[in-house]
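Each structure below appears as structure tokens.
Next come two complexes, and both contain subunit A; in the first it sits with subunit B, in the second with subunit C.
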Partner chain A sequence: MADNNRPYNLVGKNFTPPDIRAKVTGRATYSEDYRADGMAYIKMLLSPMPHALVTNIDASAALAMEGVYGVMTADDVPSFPNPGEQILSNEPNFVGEPILAVAAVDETTASNALELITVEYEELPFVLDPMESLFPGGPDAYNGGNLVSALRAEEQDEVENIGVISHKWTARDFAAVADGQLPMGEPTMDWQFGDIDSAFEDAALVLDETFVTGCNSHHSMEPRSAFSYWENGKCFVHGSTQSQMFIVPALAGLVGVPPDQLVYISEFCGGGFGSKGGAYAVMAVPAHFSRLIGRPCMLRVTRAEEYYLGSARAGFQGRAKLGFNAEGKMTAADVYIVQQSGSKNPFSDYGSAGGMVALVYTPTNMRFRAIPIGTNTTPCGPQRGPGQNQMSAAMEPLMDKAAIALGIDPLEIRRINAPDHDALTGGERRQKVSSSYMLDALDMGAERFDWASKIARNGERNGSKVIGIGIGQGYHGAGISGFDGLLRIMPDGKVHIHSGVGNLGTYSYASTARVAAEVLGASWENCVVEHGDTRKHLPWTIGQFGSLTTFTMSRANYAAAMDAKQKLQEIAAMDLGGAPEDYDLANETVFRISDPELNISFAQAAQRAIELGGKFSGAQAPDDIFFLTQASVGGIAGTGLVGVARDNIPLNEHVAAMTASFAMVEVDVETGNYEILEYVSTADCGTIVHPLGLEGQVRGGAVMGIGMARSERQIYDPQNGLPGSVNLYQAKPPSYLDVPSIMDVAAVDKPDPNIPMGMKGVGEPPVGAAVGSIISAISNALGGHYFNRNPVTPDMIVNAVSGNEQSNSPLQIFTQ
Partner chain B sequence: MRPENQSRRSFIKGIIASGAVASTGGLMFISGCSDNSSIPASGSVERLISLNINGTVRRVDVLPNETLAMTLRNKLGLTGTKIACDRGECGACCVLLDGVSFNSCSMLSHSLTDKNITTIEGIASPAGELHPVQTAMIEELAPQCGFCTSGQVISAVALLDQNPNPTRDEARQAMAGNLCRCGAYDHYLNAVLRAAGEIA
Partner chain C sequence: MSTKDMMPHFDLFQPSDVENAIELLDRYGAEGWAIAGGQDSLAWFKDRVKRPVAVIDLKGIPGMTGITETAEGLEIGALTSLTEIANNTVIQNSYSLLATAAGRVASPQIRNIGTLGGNICQDTRCWYYRSGMDCYRAGGNTCYADTPEGQNREHCLFDADRCVAVSPSDTAPALVALDATMVVQNSDGIREIAAEDFFIGPDVDIERMTVLEPGDVLTSIKIPARWAGATFYFEKVADRATWDFPLVNIAAAIQLSGNTVEDIRIVCGAVSCVPRRLTVVEDIVRGSTRDAETIDLAAGASSRGAVTLNYNHFKIPLMENLVRRAIRDA
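Moving on, here comes the complex of A and B:
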């Protein structure tokens, strides 16, 4: 992707991010890389059962061991409302939930001490499949229910009633559907627009399909290790999180201190993909233990532990009834999603699933129903495109099915239904999108892929190998507003841009800081990005998730830079005469437009700001910024010219990013294996901010989507509820050899109107586009066989080709 | 991924001799442990050994069951070597042994006294001049989160030492033991080929 031709010095250009050298030299410090004198090492005892009550703990022998500093149980830490994540729990509801922890001189001693601890449990019924839990009399995964009560309409107004309830469908609901079809009892979410009944009556084609999308782990390379100590009443936490400032209030709550008593350091994060977007309970274990024993504490989470207690994408059991007119327009969609939500608070994948169908396929009439049901499995949280990307896996092959039935080209049916700038979101309140260039992305991708010649090869057979061609589409929200930006110009002339967003590895913390430099006309070499540590006086910003950083932080940094620009102009007018608007910025100076010789350097202006005080030096801060930003402004006040502002730029539309992908696969019908021969992906992400960073996101998202399509899923032993995918070789994220070694990526590069320079985030849609395109390509290679499930594994392909029954029933989840 | 003089059997025998297996629980929650204590361990192996690391001989107190990854990270302060799976599946802990890339989580430190060990910290010159592989990875924006990057650099350096001019597919095969969840494979391969061009 070449640097673009916009009139920007920095935006749209490649650069060397300030933290990348540390990554290639091994000097980047992640949470487990910190050491302190006298530190203790923690090992946790994890629940061996999917649902139980701890009735007795005997740790006396462990406590008597040499080198053991202490044992911490659930009684020593705060507990949180059911079904929230607990730091330690006496009522575990998934295999791997931490029961207690031991701190010792080293990990070996701590592990040996765990062996001497006796825990007695009372086993409770457990459930893996929402259908079983919804069946009358079925077991509940939470203690006291299977559904968060606030989600059920009649409970929503009763604040006291927050908690869980047992929600069952009727036997009649189950009996009302044919074998293998999703029953559709009382949901918790139910919205519609238009009139689907008459639309189905008028439709030229109606599809009615039941499908399952897989639950898969996040597999972050860095497990969620944490290190913590206390100093002068303050708690220091080194954690692995995608976000920096966004973590602080929630983590302070987990640790039990006010936010200003927490020092949070997360300069690097070894992967999160949604699983480390917010604070999570286990990262508070070393903080509490450190307070208990008065030593710095390290919790090194192992790979297996990460699989047990980390996070996973929620699985869906769904049904989609789709109506099309003869021209291929989707006139009706009736979609029902049952979300397998895992053992703790459900994430809103199910809601996003409905939004995805409404926006990507723009049905003229739609009804959407959904319900999230707890399961005694790994807690499920957001994973890169939560909800939207499961729907890409389920819906894209159905678009092909409709295309074949109606005799329409698969590209054309997507073009006919693609959202334009007037497209509306789903939900109770429909909102217009800020911009949508899905059509452009489809056309650009089709051209790069050479669609016409490729689709002509679909079904081409060479020995046991068959060519398949597929298209996938992905969408995600791409930005919100209302966060703070903060920067300061120092008396040495350097511009320090304070970023509280986090460092997930997308480099967007830096590329959005460049927006501030762009506004100020500063050279990048003269800028310093302050990030990764609350002691660096960081502003309150969104966390690094939801494809939000690029849009949200560009706006916040723009707002702070405009504030600094205004102050620079005022200082220049004060000292050189004229009005502020007579001045502009370039080359780290503020100069008079009519006479550029008349100027003040940034260094001089910073010195003047310190002398002037008030708003110029940060001694006075705007009232509308968040209290954590107020504190940070206070920390740097008087050191330079401070630019600080809340992003109050109007935003009344839904910011959306889109991606289209095209894949050519070669399926070996004898082995069920397949290779991806060609892959093209094109993104609608507004103005390109950082070409190489964007390429990395689109390709990286494709790798993750290929994993969803071909291999990644959690499995459980149905008899005992034990997880069976707790190592990489079992959980199967893609390696170099599972993905094409060259992926062609590009972007539409058309600006969004809701942000000064037009950029939008695009971290998530490439995943959905990838999984949709691969599964569609496999289906098309097999002449339109629909698996209605992801991942599509080789045995499924062999069964389909040989006409054998699949080894799993249509609604079965956690399948091999 | 073991030194040629150490079979899987001798690796397992080493572990058994240390008593680690006997203390492992029924569930696999308890795995490879750091150990920086003065608590006596069973076994009769000499604990103070010499390891040649990044051109310097380091004397270090090592337990019989201790892996090189643990020694590097917990005894020698070389935390650039990452532990992501601790069982030879992901390549994040790769180091060079006499120029060949190995998973340091799956080798006992005791078996490596006759090897030249190079960790990620030893890839750039002592003056801080980056290896062409490192420079190329920066230019291609290969690392994302960075946690697998040390291992990717090590495997790329080992490859180019053996085969200074690999094809893209040869590079792909050679790097296949290094997982990257960010999915930056394409960019790492671009970097390997770019570095090959620089070296040649």
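Moving on, here comes the complex of A and C:
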């Protein structure tokens, strides 16, 4: 990907992020690498049952063991409102939920001690399938229900009734539909625009499809280990999170201290993909145990535990009724999503699903209904494009089906429906997008893929192998506003850019810091990025999730840099005469525009700022910044020239990122295996900030999307709720042989108008574009629409080709 | 439920000769455990599902690794790594069926550590059994897979007997197709067992996958020259192209004269508890040309007698297709 040709020194150029060397050489220190004198090691006892009450715990034999320092149960830690994630629980509602923990001299001793602990349970009914839970008299996954009622109240604008309720559809709802169709009882989310009924009447083509999207694990390579100790009343936590400052208030709440009594260190994160965006309950286990026994405590989470506790993408049971006019325009969409939400608070995938359909396919009339239902399975949370990317898997093959039925080219039908800059989001309050270059992404991708010659080869047979061509589209929100930026120029002339966003592995903490350097005209070599530790005086910033970092942090860093620039100009005017606006910045100096010889170096200005105090040195901070930023400004006050500001740049539109992908697969109809021969992915991410980082995001996203398409899924045994995908080999993320070795990626590189330099996020849409393109390509190789399900595994292809019925019924969820 | 990944204590023995190893295995009986590459064993230990008192590490025994050409064919030490087998030029030139199969096992990292003996002797991958459930194979009195709701996509088509688990090995079908012999030593001496007879189903012993009993050590595998340089076919179908177990695999050794099949041994994996030799296919094909009619007959006959579970009926067309490919494309 070529550097762009805009007039920036840093933005759009490649660089070596400061943490690369440590990662490549293995010297990066992750939370489980820390050690302290006298430390204890923790092992947890996990629930063997999908839903139960703990009636008795006898830990006496364990406590009598040599080397055991203590046993901690749910009674020793705070509990959170049902069905929130608990640190430890006496009311487990999934297999693998932590019941208690043992701290010992080493992990073997702790594990041996666990085996001496007797826990008695009262078994409760459990449920894996939302359909079963919604059926009259069906079991509920939470204690007291299957639905978090606030979600329903949200629709009715009354929030006093927060809590869990048991929500059932009527037997009539189930009886009213044909076998294999999604019943559609009372939802909790229901919005519409236009008039779908008359639109369906007028449609040239109506599709009505029931589909299932798979629940799959996050597979974070670094399990969510945590290390903790207390010193002078402060709690120190070394954790593995995507975000740094954003999690501090929530983690402080989990630990039970005010935020300013928490020191949080998370310099590196070995992958989170959404599962480590916020604070999570298990990371508080060592902090509580350390307080209990007075020793530093280490909890090394195992791979199996990571599968129990490491979150998962919610599965959908859905139905899409789509109407098209003869020209291929989607005139009506009636979409219903039942979300298999897992055992704790549901994430908002289901809502995002509706937004995706509204924005990516721009139906003229649309109704969207959804309901999230609890299941006694791994808690589900956001996974890279939560909701949007499931819909890419479900919708893209349907776009091809419509194209075939209407005799329209599959690229053309997507072009016809692609969102432009006037496109509106779905939901109650339809909001205009700030920019959408989906059409450009489609056209750019089609050209790189050589669409015309490729689509001509669809169905081409060579022995048992058939070529299939597919297109996928992905979308996600890509930026918000209102967070703080903080930097300081030191008397040695160095620019320290304080980044509180986190380091989930995209290097965007560094590439957005470069926006500040760009504004200041500073060379990157003269900049230091402060990050990874609350003691480094970090500003309050958004967490590193939701494709938000690039837009949100670029704006915040821009705001802080503009504040520093203003102060530099004021100092120069003070000392060299004239007005502040007579001065500009270059080469780490502030110079008089009319006479560049008249200048002050950054080093001198920093010294002057310290002498001047007040706002210049950070002794005085703006009122509108968050209290944690106030504290950080206080921590560095008087050490240099401080630039600090809340991002108050106006933003009244929905920032959206788009991606289009093109795939050519070769399906072996005798084995059900397939190879991805060619893959092209083009992103609309605004101005390119960091070409190498962008390529990594688009390719990495494609790998996750390919996993969704071909192999990743959680399985559970319906008889006992036991999960069967708790090893990497069972959960099946794609291997390097399952993805194409060459993936051609590119970006439209057109600026978004809502941010000074035009950049926006990119992390999530490439996943959806990938899964959509692969599933479409497989279906097209087999002659048309086929599966209504992801992943598509070899057994499904073999069954389809041989004319066998599929083993899984159309609504079955958690399939092996 | 105990947390995973922390092995319980066991006594580790590292004998320097086979006799010493056998003596230790005899001493500990059912509480002893012979370990080779450990790619199966260590997971059992870390999960605390299998809990031997003593682990007898065979890796230090000289003479149990290496590939030797003999007057009768080839002798391969049981501890020879799968990578070495996949890369060995003699095997590649004359017995490529085995090299191909070994190269399709798991991942490069596992093949570097995993041994041929270990790959043959590994336990089944039934996910219920691996989870530590108290099923028949684990000494209990139920099967969780062979039920209306059991998640049994990966389970067997043939010869179920209370247990429906399958053989997960990629090299075992190749060795049966090559008519290999297993050399087993115990305190009574050395015995040789045809590969075809080495594997046992649940009807023989529901808690074992092979004839090996406590005190037995598989020391080497002999491959007769009979099939050297024959026409071979190996294919494995799995969800992933690496680090996965077969949904079905196929291994065939075919002696061709022109397009006529003079002789054939064809073996299918992951459809029953043992590598399933498809004698009916062999009978149909032997003496015939590889014409479409013969291939169709053979493929169709290969699944005769299959009894499907709720989620594995795809294995019938898949198995038939693999038989078709083995004869047609070899």
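Rule of thumb we're sticking to: the second predicted complex is superposed on the first by the 807 of 816 C-alpha atoms of A that agree within 3 Å, B and C clash if a C-alpha of one lies under 4 Å from a C-alpha of the other, contacts with A are read in each partner's own complex, and residues count from 1 in each chain.
What we mean here is this: contacts are C-beta pairs under 8 Å (C-beta built on N, C-alpha and C of every residue); 3 or more make two chains touch, one makes a residue touch a chain.
These numbers come from a predicted model, not from an experiment.
In the superposition on chain A, A:Arg461 makes contact with neither subunit B nor subunit C.
With both structures placed on the common chain, the touch criterion links A:Lys234 to neither subunit B nor subunit C. In the superposition on chain A, A:Tyr729 makes contact with both subunit B and subunit C. By the touch criterion stated above, A:Arg303 is placed in contact with subunit B and with subunit C alike. Of the two partner chains placed by superposition, only subunit B is touched by A:Met221; subunit C is not. Between subunit B and subunit C, more residues of subunit A are touched by B.
Looking at the shared chain after the overlay, A:Val798 reaches subunit C, while subunit B stays out of its contact range. In the superposition on chain A, A:Met704 contacts subunit B only, with no contact to subunit C. Once the two complexes are overlaid on the shared chain, A:Arg172 sits clear of subunit B and of subunit C alike. Taken together, the two structures place residues 43-46, 48, 96, 107-108, 110-112, 114-115, 302-305, 728-729, 734-737 of subunit A in contact with subunit B in one case and with subunit C in the other.
The part of subunit A that touches subunit C in the complex is made up of residues 43-48, 95-96, 107-108, 110-112, 114-115, 302-305, 464, 670-673, 710-711, 715-720, 722, 724, 728-730, 732, 734-738, 793-796, 798-799, 801-802, 804, 807-808, 815-816.
Within the complex, the subunit A residues that touch subunit B are 14, 16-17, 19-30, 32-33, 35, 41, 43-46, 48, 66-67, 96, 105-112, 114-115, 218-223, 268-273, 300, 302-305, 308, 504-507, 692-693, 695-696, 699-704, 726-729, 733-737, 739, 741-743.
The touching residues of subunit B, when paired with subunit A in their complex, are 20, 23, 25-37, 39, 41, 63, 73, 77-87, 89-90, 92, 119-121, 123-124, 130, 134, 137-138, 140-141, 143-150, 153, 168-169, 172-173, 175-176, 178-187, 189. Taken in their complex, subunit C has these residues touching subunit A: 1-9, 47-48, 107, 127-128, 131, 133, 144, 147, 149-154, 235, 237-245, 247, 310-315, 317-318, 321-322, 324-325.
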